[in-house]
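Below are structures written as structure tokens.
Below are two complexes that have chain A in common, paired first with chain B and then with chain C.
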Partner chain A sequence: MKEHTTDVSLNVAFSKKNKKKQKILEDLFVASIVIWPLLLFVVYWIGGNITNIMLAFQEYNIEEQSFTFLPLNRIFTNFTRFFKEFSGTSGMGVMFGRSILYWFITFVMLIPHILVSFCIHKKVRGAGAFKIILFLPSVISSVVWIMLYRIFVEYGLPVFLGWFGKKISISLFMNSDTVFGTLVTYGIWLGFAGGLVLYTGAMSRIPPELVEAGKMDGMNTWQEFWLITMPLIFPTVSIGMYTGIVGIFTSSPSTYTFFGGNAPSETYTFGYYFFVMVFGGQKTPVNFPYASATSLIFTAFAAPTSLLLKHLCEKYGPNTEF
Partner chain B sequence: MEKTEKKKKSKGIRANGLVFEIIAITVLGLYSFTLLFALGWGIIISLKDIIDFTLNPLGFPAELRFENYLNAFKELKVEVAWGEGRRTIEFLELLFNSILYVVGCTLISTYTHLTCAYVSAKYPRWITKLMHTIVVVVIAFPMVGSLSSGLVLLKATGVYNNRLMYFLYCGGFTGTNFLIYYSAFKGVSSTYAEAAKIDGAGHYTIMFKIMIPMVKNLLTGMMLLAVIGYWNDWYTAMVYLPSYPNISYALYKFQFNTNNSVSSVPVQTAGCMLVMLPTLLIFLVFRNKFIGNISYGGLKG
Partner chain C sequence: MKKQIAKRVTSCLMGLTMLTGLVGCADGDGKKVDPNKTQLYLGVTSEGIDEAWLDSVIEGFEKEYPDYQVWVDPITDTELDTLETDMPTSRQDLYYLQNMSNPKGWYDKGLIDDITDVVTVGDPAFEEGTTIESKIMDDVIDTYRFENESGDTRYFGVPYVLVTYGIVYDADLFTRKNLFNLAAYKGLDCVEGTADDNYGPDGVEGGFDDGLPATWEDFKALMSTMVQRGVTPFVWSGEHAYYRINLTKAMLASYEGAAQHRLYYDLNGYDEQLKIDITPSNAWKLVERPSQEAVLTAVSDIVKNTKNYSAKSFYLSTSHLQAQNEFILSTRTETPIGMLIEGGWWENEAKSTFEEMERYGEQYGYGKRNFKYMPLPKFIGTDGVEDQIYKGTTVYSEFGESMVCLNSASSNKEGAKLFLRYSHTNASLKAFTLDNGMARPFEYDFDETEFASLSKYAQSVWSIVRDENTEIVTPAKSNPTAIAHAEVVNGLRLTGTNGTANYTDPFLEFYRTANMTVADYLTAMKNKYNESTWNIS
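Our next item is the complex of A and B:
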């Protein structure tokens, strides 16, 4: 009896020790996986944002080739410069309008994205072939598409319109009235079937019995889209909606790919303007502090707007998880 | 009476389905035609003589000029700063740079996203929960990216213009891929892993031999997407790795080249065809792996 009791307590001690060892091994395993990615996050995400904030209050000293903090009486120079340029230069206002317009178009493009994915998901006739063709814009380099588009607009389109008795006297890329529209048209054309992977993926997870039940109640395809598909994929769609807010300040209709650093001013959006300011031209860091300050101003607008939209989506949007 | 109404209803649904199908096929068909036309026309142009192209841009070539491809092969090159001087990087080296960039970034980025998502889904502890929260917050809370601070930091940490360091820099976890893998691992049962654990398998063995194979379809699709994405990425070579240009960056520069032998549209188009060929082949061979099994799941903050 005594021997048995000793055995049990030994076992318990052993199992406790074993559990502790297992726990340590588990912790070591987790640590070995997460340590490098977490280090990168701390250095480049947190560190990057801290650097950005610091840069916004600095200026570049060309002689010493280094950044130094601005004196206290001029500490907000980079911020005030943006507001001065924004209110004083008519070009900035137009650029802002163009940025909003382009963002709005990309936002509206969510509708064809979802509808196209729905058609593929519903396996309309030829869906297999369409799926392959519609995926081509994501597979082939944007540079290839842009070169083909540019060649068509400059050489093919005049001949094509000529067949119908219409003439283009000047290339749409050279005409200041049409150049931005031409770039936007490219964006709409190539982005028509965007998000195919995500949305068809989300749709494929919809329980088929839901659709079957609806069909038994006389539901048609449009009703299926509005009453079942949209509410169930809404969490995926809403991510695109609220994360897309940043696009107002960062996106451009592939302007840099089309023109490099020499785009006509009629195509400027904030995204292009600040990219070229940092990267184009002389590539000196002189404009870095100003670009950092504007990115902070933009974040101050984009972050609360995006969070508000997220909140609204969650509060008023269809609340479904499946 | 009831039967007739039911029949009418089901006829209506079928008619509605037909209208939907006709509209869908028409719209998708027209759109697909424009994409195929662009590519097909590109192939035709790439085989034309410059005079033939100028006189008849939309027609078929009078004579096939395969030399355009040879010219494009010769002229796809980039001049870069190298030490104190400059050097020209030609097609084969560009190709090598592209392959190295694709392999390095795809492997490291996929490994870290996959493994971090795995431990977050299967090893609940404060650190792994924190990682999931970080990803959601980073996605939901937009910081308007500043290229300037990024460049300053990458230069300060030796990542700028250093290929190996850049590959290591790709080992983050905050992308949406994390959520895709996380969602997949959450749906995978731990029963096999538990059984293997009882049999004495270690954590790495369980992860590599049991759990990752369970999401291999998703993993293949995601890796193929990554390969294509990195192959087509000319931006990184331009901004962060200026001494190691890849083939996509060379193509980007190619369109602005004013050299007589290159500025001709047929040669430029031939260059496009050369660069897009690998990704197109990969896509056509593995097309079934791309679509259908990738999804975020619901993202709740």
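Our next item is the complex of A and C:
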């Protein structure tokens, strides 16, 4: 009996020790998984944002080649510069209009993205081929696509339009009236790839029994799309909608890849303008504080707007769980 | 079962692919790291420059100093952008860089070391009686040195490469189509039938430019004659605006001369065109220089007649490489192209096209054809344009700035300095030119055999660069205000604003706006830069 008791207590001790060891191993495993993203988060998100906020209240000291805080009476200089330029320079206003237009077009393009994804999801005739064609931009370098698109626009399109008696006298990329539209068309085409991945993925998660039950009740394809598919993928669509708001200030139709730092002014969006200011050919530390202040202004607009849109989507959008 | 086998095979292949990245530390020639030797690493940018010259220099150095092994780490454009951040942790000891900005700023930030001892003190072990300092061209030397608080001259780097931006012409075609010594040329005196009609822009008989157009009026006659004789005068890159923009800047420099052109960089000095002192607070007045109007007139003259250039010159899909190809290959077509707007590296960059073309005959191979660098014509006697005062020749060398420098974080500074010395001996400098056809901004010479081995284009560049009346124009800014406001300062040359439109490329604006005049463009420049918009002091 005593022996048995000793055995049990030994087993308990061993088991406790084993559990402790297992716990340590588990913790180490979790830590090894979490530590790297956590580090990235701390350095690039928290650190990056703190630096950005501080920079917005600084200026570049030319003599010392360093950033120094602005005196209190000029602390908002970088912010006021944006509003001055926005209201005083007509180019900024047009740039804003162009940014809104591009964002709006990408927003409207959600509809064809969803419809095409639905067709592919339903495996309509030629869906496989379309899937490959539309998915190709995701797997082939954008530089290659841009080269192909340039050649198509400047060599193929004139021949094609020539069959209908139309003539292009100036390359659409060089013509100030057509260059932005030409870039946006590319952006729309390229955007299909991302939309396709997102929405076909969401649609593939729809339980087939739901569709089968609907069909038994006489549901047609349009009703399936409207009554089952749309409500069930709405959370995915709505995320795209409200996170896309920030695109007004950050996106451009691959302008930098097409033109580098020397894009014609007719193509400027906020995204491109501020990108070349801090990264491209026009970068200079003098503008960094201004760019930081502008990013905070944009956040002040985009963050509440995104949250409001999120709230509206959750409140008025279809509430589905599966 | 088949699937499982396929999975295993795929996994093995992927694993092998990954392993290939780990195997070695050997270069393409099978060179392997020798743990008994000290390793030196060179960070080298190579836009248009062949690195083979370094291979031969490294080979010589490793023979001379068997304790060292030297490796080249190519630096891409993207890596150059972040090099400042990466240098302190980089393994690279020495850098050979093109297209960088603000070299002195790197020294001030402690990224690169003072190398005065290597530059100013000779070492008989390398070359008797010379120093690197004594060989650097006077026009560029100030970029790499400064005076410290005690008044001593210190060096933080030496120049790497001399870029020659401008017009390349096909001299074979010029000969074939009788485009030299045109009867319509009037020369610098602007009088037809006088002795200087065919002396070229330097106005001297027997120079490197005889038979070429001396003035812009002569150049217009050349373009017109070319068109009449079935030659398309120009092709250039539609994709990269900076080729066109840099030609306009080269034309400005050619009108103004190096010293006066430096006002755009230094914002400090007497302006001989405007007859005023320029300071950072009134530098916006530089847009009113007659030289700017002259260059705009020239660009308008070229662009407004579509027969003056290949239609593809304004295709975004025409990269610099495609423009080179069109230029090179056109000689066998019915509409050959006479001139190309390019940088000095173009012939080296187009080597593969020349090799490809050799299948039509040996005469088309690399270095066999007679291309030459064209000195820019003078603005004298052009209607509506003030005659230029400057009479010399300028070579516009803007491709950012170039520098050879020593990484402060190098773990082997002595070895790096040894290699730096070795790579600036006459033999090493010549190796660069013999391999690339481009010059380094140092005083060194070739013997006849060596010179003959250069391509005709390289020979023409060399002749101009080494001419005593030639001035080199580099973009180095000495004024901290100009450095900090580089984007504004760079805009002082031929950029403007018209309502919502920004003009940065006169070629493009004259092309796409049919009714745009030189006066319109000048107005746009004054809209952008005037007393009320200028906020630099």
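In this text, the second predicted complex is superposed on the first by the 287 of 322 C-alpha atoms of A that agree within 3 Å, B and C clash if a C-alpha of one lies under 4 Å from a C-alpha of the other, contacts with A are read in each partner's own complex, and residues count from 1 in each chain.
One rule holds for everything that comes next: contacts are C-beta pairs under 8 Å (C-beta built on N, C-alpha and C of every residue); 3 or more make two chains touch, one makes a residue touch a chain.
Since the structure is predicted, the reported quantities are computational estimates derived from the model, not experimental observations.
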Original post:
Will chain C clash with chain B on chain A after the two structures are superposed, or do they fit?
Top reply: clash
Subject >> chain B versus chain C as contact partner of A:L38, first or second or both or neither >> reply: first
**OP:** Return first, second, both or neither, reflecting whether A:P285 touches chain B, chain C, both chains, or no partner chain.
**Re:** both
Original post:
First (chain B), second (chain C), both or neither: which does A:C119 touch?
Top reply: first
Subject >> Partner chain(s) touched by A:L161 [first = chain B, second = chain C, both, neither] >> reply: neither
**OP:** Considering only the touch criterion stated at the top, classify A:G91 as touching first (chain B), second (chain C), both, or neither.
**Re:** second
Original post:
Between chain B (first) and chain C (second), which does A:E63 come into contact with in this model arrangement: first, second, both, or neither?
Top reply: second
**OP:** Name the chain, either chain B or chain C, that contacts more residues of chain A.
**Re:** B
Original post:
Looking at the overlay, does A:S265 come into contact with chain B only (first), chain C only (second), both, or neither?
Top reply: second
Original post:
Between chain B (first) and chain C (second), which does A:M174 come into contact with in this model arrangement: first, second, both, or neither?
Top reply: second
**OP:** Identify the partner contact of A:L136: answer first if only chain B is touched, second if only chain C is, both if each is, neither if none is.
**Re:** first
**OP:** Kindly list the residues of chain A that each of chain B and chain C touches, one partner per complex.
**Re:** 147, 150-151, 155, 260, 279, 285, 287
**OP:** Spell out the residues on chain B that touch chain A in their complex, using ranges where they run on.
**Re:** 9-10, 12-13, 16-17, 20-21, 24-25, 27-29, 31-32, 34-36, 38-39, 41-42, 45, 53-54, 57-58, 112, 115-116, 118-119, 123, 125, 127-128, 131, 134, 138-153, 157, 168-169, 171-174, 202-204, 225, 228, 231-232, 234, 239, 248, 251-252, 255-256, 265, 268-269, 272, 275-276, 279-280, 283-284, 287, 290-301
Original post:
For the complex, which residues does chain C have touching chain A?
Top reply: 81, 105, 108-109, 238, 240-242, 245, 314-317, 480-481, 483-487, 497, 499-502, 504-505, 508, 511-513
**OP:** Note which residues of chain A are touching chain B in the complex, please.
**Re:** 25-27, 29-30, 33-34, 36-38, 40-41, 43-45, 47-49, 51-52, 55, 67, 116, 119-120, 122, 124-126, 129-152, 155-156, 159-160, 189, 192-193, 196-198, 200-202, 204-205, 215, 218-222, 235-236, 239, 242-243, 245-246, 249-250, 257, 260, 274-275, 278-279, 285, 287-289, 291-292, 295-296, 298-299, 302-303, 306-307, 310, 314, 320-322
**OP:** Spell out the part of chain A that touches chain C in their complex, as residue ranges.
**Re:** 60, 62-63, 65, 90-91, 93-94, 147, 150-151, 153-155, 170-171, 173-176, 258-260, 262, 264-266, 279, 282-287
